[in-house]
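After this come two complexes, each holding chain A, first together with chain B and then together with chain C.
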Partner chain A sequence: MELSTTIAPFVRASTNIFREMLDVSIHKGQVEAEGESFLSQGFTVMVGLTGGWEGWFFLDMSQETAIKMASLMVGEDYSSVEEEEVLLAGAEIANIICGNAITDINNIHSGLNIRLTPPSIFAGDNMSMFNVRLNACSVLLQSDIGNVKINVVMKEAK
Partner chain B sequence: MKGLRMDGTAIRVMAVDDSPITRKMIKKALEPEGFEIIGEAGNGKDAVELYHKIKPDIITMDVTMPIMDGLKAAQVIKEQNPAQKIVMLSAMSDQDIVAEARGWGIVHFCAKPFKPEEIVEKILRVISE
Partner chain C sequence: MDVNHINAFITGLIEVSGMLGLGNLTRTSLGARKQLKTQNEVNIIIGLVGDIKGNVVLSMQEKTAMNIASKMMGGLPVSEFDLMPKSALCELSNMVSGRSVSELEKMGVLTNITPPTLVHGHNLISLISQVETLVIEFSAEEGRLELNIATED
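Up next, the complex of A and B:
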């Protein structure tokens, strides 16, 4: 499994969902190997992957971007990531991006049957997200509401 | 007001999704059209329990949820009432999920992200069958 190839469905899903749900255009950056960790921009959602492949999907952005994203999604104004609906909106966007991407992967690789776990949300300053002993692949997406990083770690399940 | 029947009564909907934001967006899409959201649940187990109390005309059911997923909840409800109308509303709709849902007589999927008019039209189509 080549991670740099596998991340393509996540880039496509992110681009589509930002356009359809938020009316925000994004421009993908260069795919890069991330290694075992990355520094959060301040707001990170993690979705677990189980089944034929297992791992994690991270959606990472600044807290300001998370607030703007929630406002566009729900149509209401927010001022802090501590507001519950900002956290919930970030979680649902990550869940939809990951679900759309995994649907594509499952349809291409019949029998993989990858499933998602409910999202977890992390917000704070200077958080390092670790994927111990696993190498991740990232793409930094540039948008009108700020930079959004998608980070994928997957390996074949034993 | 597409959510009203000829006799003026509202089509009664139960919204099942672990995301309160998505349940809110379902309400925002349906209530202005006259649909009545008569119950909400955040997981499949709660959905099955609530279903017996409120008997909705139609259920919107997420797939990935904690405690009991939407496919299992739909299976339990369909076993008890094969005529119950259910729309699977999910970000996940791969061939395996679609096939499993079909096995329980559920053929209607609405993919996330959805536009308000899409979920309205999907519900009306299922209700009319």
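Up next, the complex of A and C:
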């Protein structure tokens, strides 16, 4: 399994969802290989994957971007990520992106049968995510509301 | 949320910690999580999919995490929270979840788990799954531990 190809469905889903749901266009994406650990920009939604492949999908952005995203989605102004709606909006977007991408992957590779966990959200200062013995592949997407990084960590299940 | 499912996780944590020689791990309290903020810098999250769907987070302060890592590595002093203690703690939560899942399987509850991810940071705010989170606190010689369980049945 090549990580840089598995991330493609996630990039596609993110671009579509951002355009359709938020009317935000993505200008540019840059693929990066990351090691076991990566730094968050301040706000991360994570969705777990189990089945033929297992791992995590992370949607990472700055807290300002998360607030802007929630405002666009809900149509109300928010001032801080401590407001639960901001966290829930982030979770919803990640859930939809991940759902779309996994549907794609499951269609291409029949028998993988990947399933998702409910999303969890973390926000804070100097956050780092560590995945033991797994390598992450990330794509930094530049959008009108700021940089959004998607990060996929996966391995084949034993 | 079924109390038997919760017990499987409590048993898992207590058994694994006993096996690793953590000192006197005892349960101190159980309740619903009331706030989004957490004082714990180290959070290890594991996802569950199957008959139970949700996330389990083992969370603690950095100091406790370093004490536990040191105990797991045979008393080797840990002064910095770098890759070594991080991977020790991921291993710990892997063992706990593995143990808990086999405990659940005995009850006929089949669940798949994701690999653990360790989230380390300051002034953290977290929302686990999107359901009410149960917090079970433990205290040990190494410090305080919190097991957050958020599952949809």
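Before moving on, here are some points about what is shown:
Rule of thumb we're sticking to: the second predicted complex is superposed on the first by the 157 of 158 C-alpha atoms of A that agree within 3 Å, B and C clash if a C-alpha of one lies under 4 Å from a C-alpha of the other, contacts with A are read in each partner's own complex, and residues count from 1 in each chain.
Keep this in mind: a residue touches a chain if its C-beta (ideal position, glycine included) is under 8 Å from a C-beta of that chain, and two chains touch if they have at least 3 such contacts.
A quick note: this is a predicted structure, and the numbers were derived from the prediction, not measured.
Once the two complexes are overlaid on the shared chain, A:L72 sits clear of chain B and of chain C alike. In the superposition on chain A, A:N106 makes contact with chain B only, while chain C stays out of contact range. In the overlay built on the shared chain, the residue A:E82 is in contact with chain C alone; chain B does not reach it. Look at A:V31: by the touch rule set out above, it reaches neither chain B nor chain C. Of the two partner chains placed by the overlay, only chain B lies in contact with A:E20; chain C stays clear of it. Annotation for chain A, partner touching more residues between chain B and chain C: C.
With both structures placed on the common chain, the touch criterion links A:A8 to neither chain B nor chain C.
Contacts of A:A91 after superposition: both chain B and chain C are touched.
When the two complexes are superposed on chain A, the residues of chain A that touch both chain B and chain C are 88, 91, 115-118. Across the interface of their complex, chain B is touched by residues 17, 20-21, 73-75, 85, 88-89, 91-92, 95-100, 102-103, 106-107, 110, 113, 115-118 of chain A. Listing the residues of chain C that touch chain A in their complex gives 36-37, 43, 45-50, 53-55, 57, 83, 86-87, 90-91, 94, 112-131, 150, 152. Those residues of chain A lying in contact with chain C across their complex are 36-37, 40, 44, 46-51, 54-56, 81-82, 84, 87-88, 91, 115-134, 153, 155. Partner chain A is touched in their complex by these residues of chain B: 18-22, 24-25, 28, 64-66, 90-96, 111-113, 115.
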